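As written, the chains take the letters A, B, C and D, and residue 1 is the first residue of each chain.
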Amino acid sequence: MDKHSPPTPTDVDEHDAGRAKPRHPLQKLYAAFESPGRRRALHLTILAILIVTPWISSQYTTVILTNALLYVVLCLGLNVVVGYAGLLDLGYAAFFAVGAYTVGILTQQFGVNFWAAIPFALMAAALAGVIIGGPTLRLRSDYLAIVTLGFGEIVRFTARNLEITGGASGLSHIPEPSLFGWHIDSSIDFYYVFVVLAVLAYIASQRLFDSRLGRAWLYVRHDEDAAEAMGINRVATKLAAYVTGAIFGAIGGIFFSVNLGAISPESFSFQQSVLILLAVVLGGMGKIPGVILGAFIVVLGPELLRDFGTLRLLIFAVLLLLIMLFRPSGIWPEKRS
Amino acid sequence: MNKFLKLVTATTVLSLAAGSMAMAQEGPIVIGVQAPTTGSEATYGKDMFNAISLAADEINADGGLLDGRQIELISGDTACDPQQSVNAASRLASQEVVGVVGGYCSGATQPTLKTYGDANIPFVIVAANSTQLIPANPGNAVMINSTGDDQAKTALDFFEGKGIEKLAIVNQGDAYSQDLANLTRDAWTGAGHTVSAFEYVNKGEQDFSALVNKIRGSGAEAVFWTAYYADGGLLIRQLRQRGFQGTIAVGDGSNSPELFNIAGKAAEGVFAFSNPTADFLPAAKQFASDYQSKFGNAPGPYAPLAYDGMQLMAWAIDKAGSTDGDAIIKALNSADGQEWLAGPISFTPQHTLARSNFVVLEGQGGKWTRYEK
Amino acid sequence: MTWYDSFLQQLVDGLVLGSFYALVALGYTMVFGVIKLLNFAHGDLYMTGAFAGFGGLSLVSGFLGAGWLGIFVAMLLAMLAVGCLGVVIERVAYHPMLGAPRLSILITALAVSLVLQNAALALTGGQYTAFSTDLGFGGISLGNLFLSYNQIVLVAAAAVLMIALELFVSKTLYGRAMRAVSIDKDMCRMMGINVSAVIAVTFFIGSGLAAAAGTMAGAYYGSIWYFMGFLIGLKAFTAAVIGGIGSITGAMLGGLILGLLESFGTHIPFIGSEWKDVFTFSILILVLVFKPTGLLGKSEVERM
Amino acid sequence: MIQTIDQTDAPAVGSRPGKVRLGIRDVEAFYGQIQALRGVSLDVHEGEIVTLLGSNGAGKSTTLKTISGLVRVQRGEVQLEGESIARLAAHEIARRGVVHVPEGRRILRGLTVKENLELGAFTVKDSGLRRQRLDEVYALFPILHERRHQDGSLLSGGQQQMLAMGRALMHGPSVMLLDEPSMGLAPKLVTDIMRIIKRLNEAGTTILLVEQNARLGLRLAHYAYVIENGEIRMQGAAAELRQDESIVKAYLGVGE
């Protein structure tokens, strides 16, 4: 047929065809910062606000912002898998768990220094990324969903059943780290640690997106076969996405474990994976500021609704539903080229 | 303004507002309730919250504390998740609560100890009882739920008294029931007996037939269920349905009249280890009927302890004569063995319950009765 | 018990458990077929069905009793009510999203699941509700093999529902239209098939089956609560995928296989039942590694 | 009479037999932000075979899709027997007797030939009538009867085309929209299909035929339109257009 005509919207509801979408206000706003100078000014402003916040607000604000920043790291990691490479992952909490448990076990049970334990945690996570990536490479999205879900559950069950992981009670008294004489232990200390991690994750995400690997992910996501025809190694590209995502997740887990001082399997449930995925899709898959926004919404949303008691999750869920209905591609979606 | 900035600002403003709303000296006495009122554990969390609010209402009706100041409760929902519980604890701390009562799910309770410790807020832990909590306690928290050791010992005595040799132990894979199961297993094998099956079920799994077959096949003479009544009721039903004739006993997490609703006739003759509660003290009887009439269901296993926790906190505030954290913590630790719903409370230097007075109950005629051998 | 008796017992118990999984998995697979959505709210429809069945039984037990007849009528009421709920959910939450990225609809489904769960939590106060019936504990003993009457009725009911569905889908024009919609919606429109109506009917049937399973589970196990759909939703999803998602026969097969895996998984020598789920998920992953579209699934290029 | 049209809103002209069954006026349609039709007007009279010719991407298929409701009519009007159908959903348009046989045939994979045919008569409530039509289709295409229990998608290209047309006939159409029925078929099969189209028309079916192969379309049709860049460029009686090689070449650039 007409080879150059645009694709027919087969799965699109007939009434949607032919409606031109206006540009999103957030995009317009962001576009106002398109020049590098302005962009830098925006970044510095945000950073300044992040640095000042704990001094002008309560400890509670600091704690939940720390949590939100942890989610920023996790969500940016999952975004590499889901948003960049287009692979579904319903077991992302597994990587989070691998990072947290590796550091927890090494520091608490073997007395390894925290900083010395980090490389091991990262290696373990990378290995987990390869293990989960391996069998899933041939699978399409829905099967990928269940395999990753299964993998996540296997990791959690294993953590609960083994003695070295402390069983269902988990590990406690994970020692707080020190850095050049600075003993990191108060909630403000950890807040700044997570500010640094979130900034690093942001920069890394941006760099990855612009890199050759980032473009390879883009190709693979849009058309796997065409990507392969262009000389992109499909297997290596997908594996790289899982491993990258795993490392982000592990970094989150590493600092999560020392922040709480105690970890237990409850932190790495299927619901946790779902929440991270929710943040990524809600914010806008593939779009870094969108994903960050999503991370803040899923953490701050239920917190701001605390006064509703038992109903808070019900209200949160209804709000989520409304957001998805009004912004089906996420609040701040990636521009479609 | 960027959406992100808006959010940050909004959060900041909100938390500042929350801070400024913090109680003036003469306002109500604000007590935080830390319990999972959403998520899969909400059944137990709401039960605790209900019992605590019942206690607070009674105290308020009696004229409140410290010259007529009323108690006001703030809910700190943990959803049984460590992250969320730290959020909840920080929020309670930021709202300058005088004290906190609650704590369910040891995993979710443990990281909050530091939060309250840093803010010097007295914390009465009513349900979580993992031994891991003891060393993590900076000294501001007291545990009024006996730890698993005591119960494991009660179980050992009980099963030995019944002449059991082969015991099957079933837990639910959470910290509390796994801990109790492990302790009982160690005690049982340590005493030279056999654990013929050491099993585990998922929370919310309804079908235990394979497990029941395995237990029967193992030749177990008795089954010890270390987890909560909801799934325990199902297990008991299915054990009896399949003709298991041996002894069945359940831990204190299953000590609820609701067990009889779920297990029906199968719960007849089932034994439970428990603090002497509800039906055995006059005050407790009153509590059970008040609870039933106010909330429409029978109090759960931790309701009496939660009620006691609130009463104990009120008692300590009264004794301290102020809302000062140090004074209240001191008062709490000086608890002198006065009788509460669940028995006398006094503390060891480790801030755990000094006595172990587990009793054995038996299901008879659709309710728990004291079992005397 | 000899190993042979034990084997038979595991087989029977696995089939009973598998029937529940299969009934719930059917809804997953049907919905997936017509709108390519992993309906994560499906397990919560099972929960809603259990409560609807409980309500239905208290309505009818006065004149029909709380035996199998009363439960049967209650089950029909629950199927009707939850079927309608399923249609409403589709209209309100999924239909407007049909043009959106598939992951967005998945997230919408998760939101619906949260809404149902938390609404039930708010309504029931989180309490376990005893689902009391007049069903006895009786059964047939063949040597060491035990089959309760309840199990027999339950498996028979599940089988009847599944056979009825299979006949509906393969023999009636409307059933064929359902299959056709899952293959090519535009072609169906060109043939005068009201695709939206077919999707609605699919949701009705899928949700109705979940409600049937929920009511039967409530009656059989004796207690229901707001969170009961979570685990079975996960299991049914697994079953649907093992069988080949989108395939109706596959869902039934997947459900039975999963039931058997769990039943036998409890008895693996040397490792305890705590490893049962690890075993199940490992098998699942292995199946998918060697048969990437499930046992009966058709290979089809899908994108997120 | 041949007319070259530059004005998109120029009325259709010519004295043609019968009433206008299907009338399209100034239709505009979009895919996303790309305009695919820029004001298309054409008429199909009762009993006619009308062919719509044009090259790749000219808007032929889109025109058919706007008629059958698969693509939304942004502006303009589509009328069946004088009644507007432009705002109706696709299945409602089909129920009024407009049946679209899409390009590529779109046989329902996994369903048998018979099931495919029966679904064509989905809107026919009377099962006796359905059976009667099935017999008629089998009479017209004996091969379909032979293969009735096979998966429809496993048939050869020519058989699939027959199945697609048979499926449309099951519906009892008053207007049939045929999209490139000859595509990808061997010359012998093309002749067969063309003969059948002729027969259907003689039996009373009004047909709008989209063809890339201009000669073929013109040989079969009574009246023809030429579309280019989403606009009708030319129209006239097929017999007359066929005579004028130069015009055919200029606008269509293709021979056989």
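Basically, contacts are C-beta pairs under 8 Å (C-beta built on N, C-alpha and C of every residue); 3 or more make two chains touch, one makes a residue touch a chain.
Predicted model only: the values in this text are computed from it and were never measured.
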- request: Please find which chain has its CA centre nearest to the centre of all protein CA atoms in view.
  value: C
Task: Look at the interfaces A-B and B-C and say which one is made up of more C-beta pairs in contact.
output: A-B
- line: Separation of the C-alpha centres, subunit B versus subunit C, in whole Å, is 34
Task: Would you mind pulling out the distance in Å between where the CA atoms of subunit B average out and where those of subunit D do?
output: 74
Message: So the centre of each chain is just the mean of its C-alpha atoms; given that, what is the distance between subunit C and subunit D in Å?
response: 44
Junction residues of subunit A, two or more chains touched: 8-9, 14, 160, 310, 313
- prompt: Could you say which residues in subunit C touch two or more other chains, in rising order?
  reply: 118, 121, 126, 186, 189, 274, 277
Residues of subunit D whose C-beta touches two or more other chains: 69-70, 89-90
Query: In the complex formed with subunit B, which residues of subunit A make contact?
result: 26, 29, 42, 45-46, 49-50, 53, 56-65, 67, 160, 167-170, 172-173, 186-187, 256, 260-267, 272, 289, 292-293, 296, 300, 302-304, 306, 309-310, 312-313, 332
Touching residues on subunit A, where the partner in the complex is subunit C: 8-14, 16, 82, 86, 88, 135, 138-143, 145-147, 149-151, 153-154, 157-158, 160-161, 270, 274, 277-278, 281-282, 285, 310-311, 313-314, 316-318, 320-321, 324-325, 328-330
Statement: In the complex, subunit B touches subunit A at residues 2-5, 7-8, 11-12, 14-16, 18-19, 37-39, 42, 46, 75, 77, 80-84, 86-88, 90-91, 93-95, 105-108, 110-111, 114-115, 118-119, 130, 132, 135-136, 173-175, 177-179, 182
- prompt: For subunit B, which residues are in contact with subunit C within the complex?
  reply: 37-38, 40, 42-43, 45-47, 173, 198-207, 209-211, 213-214, 216-217, 230, 233-234, 237, 240-243, 258, 261-264, 295-297
- prompt: Taking the complex as given, what residues does subunit D use to touch subunit C?
  reply: 68-70, 89-91, 94-95, 99-100, 102, 106, 108-111, 115, 118-120, 122-123, 167, 171
